[in-house]
C-alpha cells in the first residue's frame, strides 16, 4: 500500500536523531519535505506556512545561525535553508481529490526540547544507537512519533486518493513546545474552512498500548512570559549596600510564585523553568532573566494565575528596588472537543483490532497550542477533536529517559486510516 | 627619565580597551611583556610565573579558545600565545643591581571583570572613546591603572639602576578578581626571600586625590565556591509532582544564605553572584549552578560564614530532594601590614607634594589575594604593606560606570618612586 | 406538627449568638439537649457520645476553664457541665419505633470557628442584632443552620413516630472543624449497624436556593498537624550569630510548604493556618509553632502532600539548626457516596416543590470528617450519602462576613422529611 | 559603712526572683523604694519619674492588670500600686549635700526579659533555688545586678554625705529592654543640669572579672517597630484563592528583611523577634504581627537598615495583597563617651585592687537607651560615660541560662565608690 520505503519504527528512529527546538527545525522540515515530495501533494514552506509576526518566543539570530550551520553540515541545501530561514519552519501539504466532499485537516507537531538525552544503556535510544545527535536537544515528548504518523497518513491518503472525496490539508507545525507556533499557522488562514480537524498525542496517560480516546478533556490554558529584572551592580565586599540585587529579587519571585494559592475551582500550574542572573561572583547581580509559564484548567483559572504572578513579580522587584519587565511569549486557551466528532471517531474505529480499550475522552492535564487551531475551526463551524494514544510510560514526557513504546505508532496510524475511510470515502 | 613612549594616561587608556577576565589575559600579558622587553629585566612567562595546579577558578577550554582567538586577531603572535596557553598568564620581571642590598618586590594585578561597560556619553571612557572593545568584559576595578603604575615603576628602576642597590622583583599577577591567582604565584616561590613587599589599590575610599595610606586594615578573608544542584526534570503541566526542582532549591538557598545572621565579632559578607538554572520554560529545572563567596573581617569570621553557608545549601537541596555539590574556587586569608614598613613608607613620602593627606592606614573592607603573598613574606621574616590611593568615586568599583580619576596615577607612581629612593638607594 | 416553639430562623439566630470552637461547645450542647429533652429520645452525653482517647486536636485546660466559666455565666448548670467536661461535648439521640425496619442515622456538626465576626451593618447578623456574643469565635461555616436542621428533623421524627418503622440515631457531633471529632464518635461504635446514613452541608456551592445534590464528590482527604521548631535564643545585638533562629526556620518552612509542586493527578491543598514564634523583639527567636493542614482529592494525593511537607519542614529546621517535632492533630480519608442512596434520595424528593434543581452530585472541594463515619457505615455494609444545599454566597465560608441565606433551611429540612417518609414509613 | 541589711549577693538573688518586663516593674519598683526609704533621699515615683506620653512600646491594659494583680499577691500595697499604675514605674532619688559642687547622676536599669529561665540544675539560680518565680519572665541581662549596684551606691552616698559636696541624682529606669524607657525620663528633665553622668553594664564582654573599661564604644543606634499585616481570610480547602494570606506576607518579609545587604561602612543588625499570625488551621491567615528592630553602628547605618526594612515590608504586603501598618516602638541614637570623664574615671580607680585590667574603652555592640540620656547631658554641656564590668560569660545575655558571676558586683560598686570619692569629695 505505501510507497514510503521505511517502516514506522525506522522512520521514527531516524527523526529521533536530529531533534531541533521550536523554529529551528531546519533538518526536520527538510526531511519531511523530502518524503512528501514523492507524493502528489501541493507543498507550502516558509512564509506560506505561517505569519511571522504572529509567532511568539522566537529564538535570537545566533540560534538561527547555529542551527542553520548544523543543517548545512547535515546536508540540507542552501536554497532550501533560504526558504525556511529565520524560523519559518514547518510544512503544509494539501490534496484535492476533485470529488466534492468535506475538508479534512490533520496537524502534527515536529519540534524537540532543550533537554540532553540520557546515555544510560537501558534507555532504548542509547542502547539501540539512535540517540539524539544534537547535544542539549531531544525528542523527549514524542513528536518524532507524531511526524512519523503524519507522514504515513499522508502516504495513505495519497495512495488511496482515487477512492476518497473532498480535500485534505496536513499541517506539520513547528514550535508546539511552550505553545508558540500554532497561532502563526492559524493567522495564515489554514484552519478557516476546515470541516473535520484532527490532532492528538502519543503517550500522556500511563495505560496499555491499545487504549485510545476519541477526544480529550483538561486542556490547560496557558500563558508563557519572560521576566527581566534590572538592578544595580556593586562590589560585594566593599559596598554591598550600594547594589540593588536582581538575583535575590528573582529568587524571591520564584519562591513566592510557586506559593500562589491553589484555586478552589480547578487545576492550576506555574513553572519558573529557567533563571539566568548575575555576571560575577564578587559583584552584586544587576540583572536576572526568568522564563515562566502559568496554566489553568480553564482560561479563567489561567488568568487568575497570570494576574497573581504579575503581582508577585512586581512586588519582588520593589522589594529589591529593581526595575522589571514582563514580556509575553505565548498563549493557549482551553478547548473542548466536538461531541459529534468523538462519536464519529468511535464509530470509525469500532472494529479496529489494535484498539483494545476505546474511551470517549481522557484528560490531557497539559497545554497544547492545538487549542488555537481547534478554536478557529469551531468558530468557523467546523468540528475538531484531539485523540490520545497512551502507552506505559516508564519515564514521563520531558524526562531525559522518556521513550516511545513504538508499538503505539501502529495503533495511531490505523486509527487515522479508519477515520479517513469512514469520513472521506467516496460514495 | 623614562624610556616609555606613552604617558601615564595614554597607557592606562590603552590597557582599558582590552580588559580580559582572570587567566585569559593573553593580550594584556603580551602588551606588558612588550613594554618590559625594552628594559633590562629578566622576564618570566607561563609555567615559570605560576604553578598551574595551585590555580583555582580556572575557566573552561572554550573560554581559552575564544580569548586566544581574539588575541590572535589582535596581533599577539602564535608563539607567544603558546607560552601562556591554558591560562598561564602574567609576567614576572627581575633585576639585580649587582650591589648588595635588600630584595624589593612589588605586585600589580592585571585582570578585568565580566561586566559590560556603560556606553553613556557621560562615562568618560565612552565619551572619550577608549571604552572596552571586549563585549561583556571591563576594567571596572582599576587594574588598568595598576598595570600602568607597575610599568612606570619598572621603567624608573631600570632607568636608575646604576644608583640603586639590592634586587627587584616586579610581579604582574593574573586573576586577582575572586582571589584566584596569587596562590599559584606564591607556590612558585617568588615571595620566599623578599625583604620588602609592596602592593596597593587605586580608589577604594571616596576621598580626595592626594590622600594616601601607608598601610591597610580590614582585609576580608574570603572563600569562593561554586554550588551545583542536581534535581529531576518533569513536564511542568502533566506531572509537576514528578520533578525535583533545582531552581527552587537554588532560590531558597540564595535567600537564606543572605539571611545568615550577622556576627557580633565583626564584619561578614556573602554574595550569590550568579545563578544559572533550568533548560526550558515548561520543564521542571533539573540543575542550578551558583557562584558564591563569603567574607569575614578575620579568617575566623569568614569560616563562620562558610560553615553556615554549607548548612543552608545542604538543607535547601534536601528541601527539594536535590543532590548538591560544593566546589572550592578560591581562598584568601586576612592580613596585617608590617608596622615597620608603614613607618618606612611615611618617612619615604613625607616631602611628596602630591600627597596632601598621609594616613597610617585606611580600611579595605574587601578581599584581595595579595594577602596570600603578604602571609608568605611575613612567614619568611620579610615585611609587607599594602597602600591605598583614594580618589573621589562617582561610581563604585565593579559598577558599569566605574572610572579612575586619572590624576591618582601620578600620586601612586610618585609614592612608589619615593619608596624606592628611600629604601633601595645605593649608599 | 412540631412541638418546637421557635421557627427555623429564630432557632438558627439563637445558636448563631454563642458559637463555640471544637470540644468547647458547652452552651451549644446544653441548648441542643434542652430541646431534645422535650421529646421521647434516649439521650447520651459525655463519655457515652465519644471515646476521649480517639479525639485529636483537643484544646488545653485553660480553654476548657475559660469556656466552662462562660457557660456557667450563660446559665448552664454545674451538674450539666460536669457531664460534658474536658471536651466531651455533643449529644446522641436515639429512638426505636418498635416496628422492625432499617436503622436510620443522621449527623449534624455543631462547632464554631476562631474568627471574629464582622460588625459591618451590612452583615445581616450585625445589622439584625444576632451577631456572635463570643469575641473571637463565630458560626462562619453554617453549623448553626446544621444544628437547627437536626433539631427540626428530630422533632419531625418524634412527632410522627407512630407512622414510622425501624430505629433512628441523630448525632450532634462536636469539633468538625479541622476534622477532629468524628473519629471519636465512630470509635464509640455509633455507626456500626447503621443501614442508611445521611449528612450534608448548607452552602458550599454558589448556586440559587432550591438547588440540591443527592450526593457529593470531591471530599478532600486531609492531614492536620502541628509543628514545633526549637532553636536557641541569643541577644540580637551583641551576638546574633549565637542564636539558632526558629522564626526564620518557620518562615522558610511556610513559604516552601506553599511552593510544594501541584500534582498532575488532581487537586491538593496546603495551609499554614497559624504561626506563633519568638518571645521578644531583641532576642533571636528560640521557638516557633505552626498549625498546618494538607489536603488531597484522594487519600493518595493527601499522602503526597503530607510526605513532601515533612521533607520541607525537616530541611527548614536543618537550615537554621533547629530541632523540630511534628505532631498529628487529625486525619480524614476521602469518601464516596453510595449510588443506591443517591437514587433513593432523588426518588424521595422528586415531588418536593422547594427543590428546583435536583442534581446527582456536586463537588465539595473540602475536607469533612464525616468521611470517617461514611467509611465505617460502608465497611459494615450500610449505605451513606452527603447532600449539599447551596445558596448564593456573598462571602465564602470562614469569612468574617459569611452568612446563611436562611431560606435554605426550609429546603434542607423538607428534603430530610421526604427522605424519612420515603425510607422509614411504616408499611 | 552600710545600713543595708543584706549583702550584695543576697540582694541580687532576691531581685532575681521577681523579674518584670518593661513598664510592669511593680514589685521591683516597690522593693527599690523600700530600700531607699530607709535613707535620706527625696524619692520620686509615677508621673514624677517619667513623661507618660514619651514612653514607647507600652504594654496593653491586660498586661498591667495581670502584673499588678501579681504584685498585690506578692504584698505590694494597693496605694503604692496606685502611684505607679499604668506603667509609670521606676524611682528617682535625689540628695543635696548642701555644699556647693557638681551635679552627679547615675542610672541603673531595672527591667527583666520575656524569657523562661532554665530549670537545669547546672544553671546556678536553679541549682541554688533563686530561679525566677515569674513564668515566662527572667533577669537574663543582669539588671538585677544593676539594681543592686545602684542601691549600694545610694547607700554609700547617703552614709558619707557629710564628707561629700554637690548634688546626687540616682535614676532607677524602667523598660531599658527594647530601648523604651529612657526617653520618657529624659523628657521629664532629669538630665538637664547634670555635670557628671554615669551608667554601665555588667558582662557584655567575655573577659575575666577585674577587667573594667572607663568608657564604651560601639553603641548601636536602633529603631524598634511593630508591623501589622491585614489580609483576607478564606476557607483553606474550598477557596484558598479567595484569601490574601498574611502569614505568607509576614514570612516573606521576615526572610527578606534578614537578607538586607550588609553595609560597607560598618555593622548593622536586624531581628524579627516575634511573629503572631492566623487564627485557625483551616483558614487563610488574615493577620500577622511582627516585633522588629534594626540597629547600626551609627545613626546613619541604622537609618539605612530601617529604610530598607520599610521597603521590604511594603513589598511583602503588596506581594500577598495585604494592607500593612508600621508602628514605631522605640529609638536610640548612637553615642560617644566624654574623653575627659574616661580620664577622670581612670584616675579615680587607679589604685583599686579589684581592678586588674583597666581599659579606656570596650565595644558594646548593642543598643542601650542610655544613649538618649547621654545625648541630653552632652547637649547641656555635661560629661557622660558608660562603663563595662566584664566577666566570663558561660551563656550570652538573653539566654535562658545567662547568669552573673556575682563577684563582678564588688568590682562595680567599688569602682563607683572610687569615682564618688574622687569627684565629689568635699574639699
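A, B, C and D are the chain letters, set down in written order, and residue numbers restart from 1 in every chain.
Everything that follows uses one rule, which is that a residue touches a chain if its C-beta (ideal position, glycine included) is under 8 Å from a C-beta of that chain, and two chains touch if they have at least 3 such contacts.
What you see is a predicted model; the values in this text were computed from it and never measured.
The chains that touch both chain C and chain D are A, B. Chain A and chain B have centres, each the mean of its CA atoms, that are 48 Å apart. Each chain gets one centre point, the mean of its Cα atoms, and the points for chain A and chain D are 66 Å apart. Chain geometry summary: the mean Cα position of chain A and that of chain C are 46 Å apart.
The set of chain A residues that touch two or more partner chains comprises 237-240, 242, 248, 252, 255-256, 258-259, 261-262, 264, 269, 284, 365.
Under the stated contact rule, the graph of chain-to-chain touches is complete, every pair of chains being in contact. On chain B, the positions that touch chain C within their shared complex are 237-243, 245, 248, 252, 256, 259, 261-265, 284, 304, 311-312, 314-316, 318-319, 321.
Those residues of chain D lying in contact with chain B across their complex are 255-256, 258-259, 261-262, 264, 266-269, 365.
Considering their complex, residues 113-116, 136, 141, 177-178, 204, 220, 222, 224, 232-240, 242, 247-248, 250-252, 254-255, 258, 269, 271-286, 288, 291-293, 295, 329, 364-367, 396-400 of chain C touch chain D.
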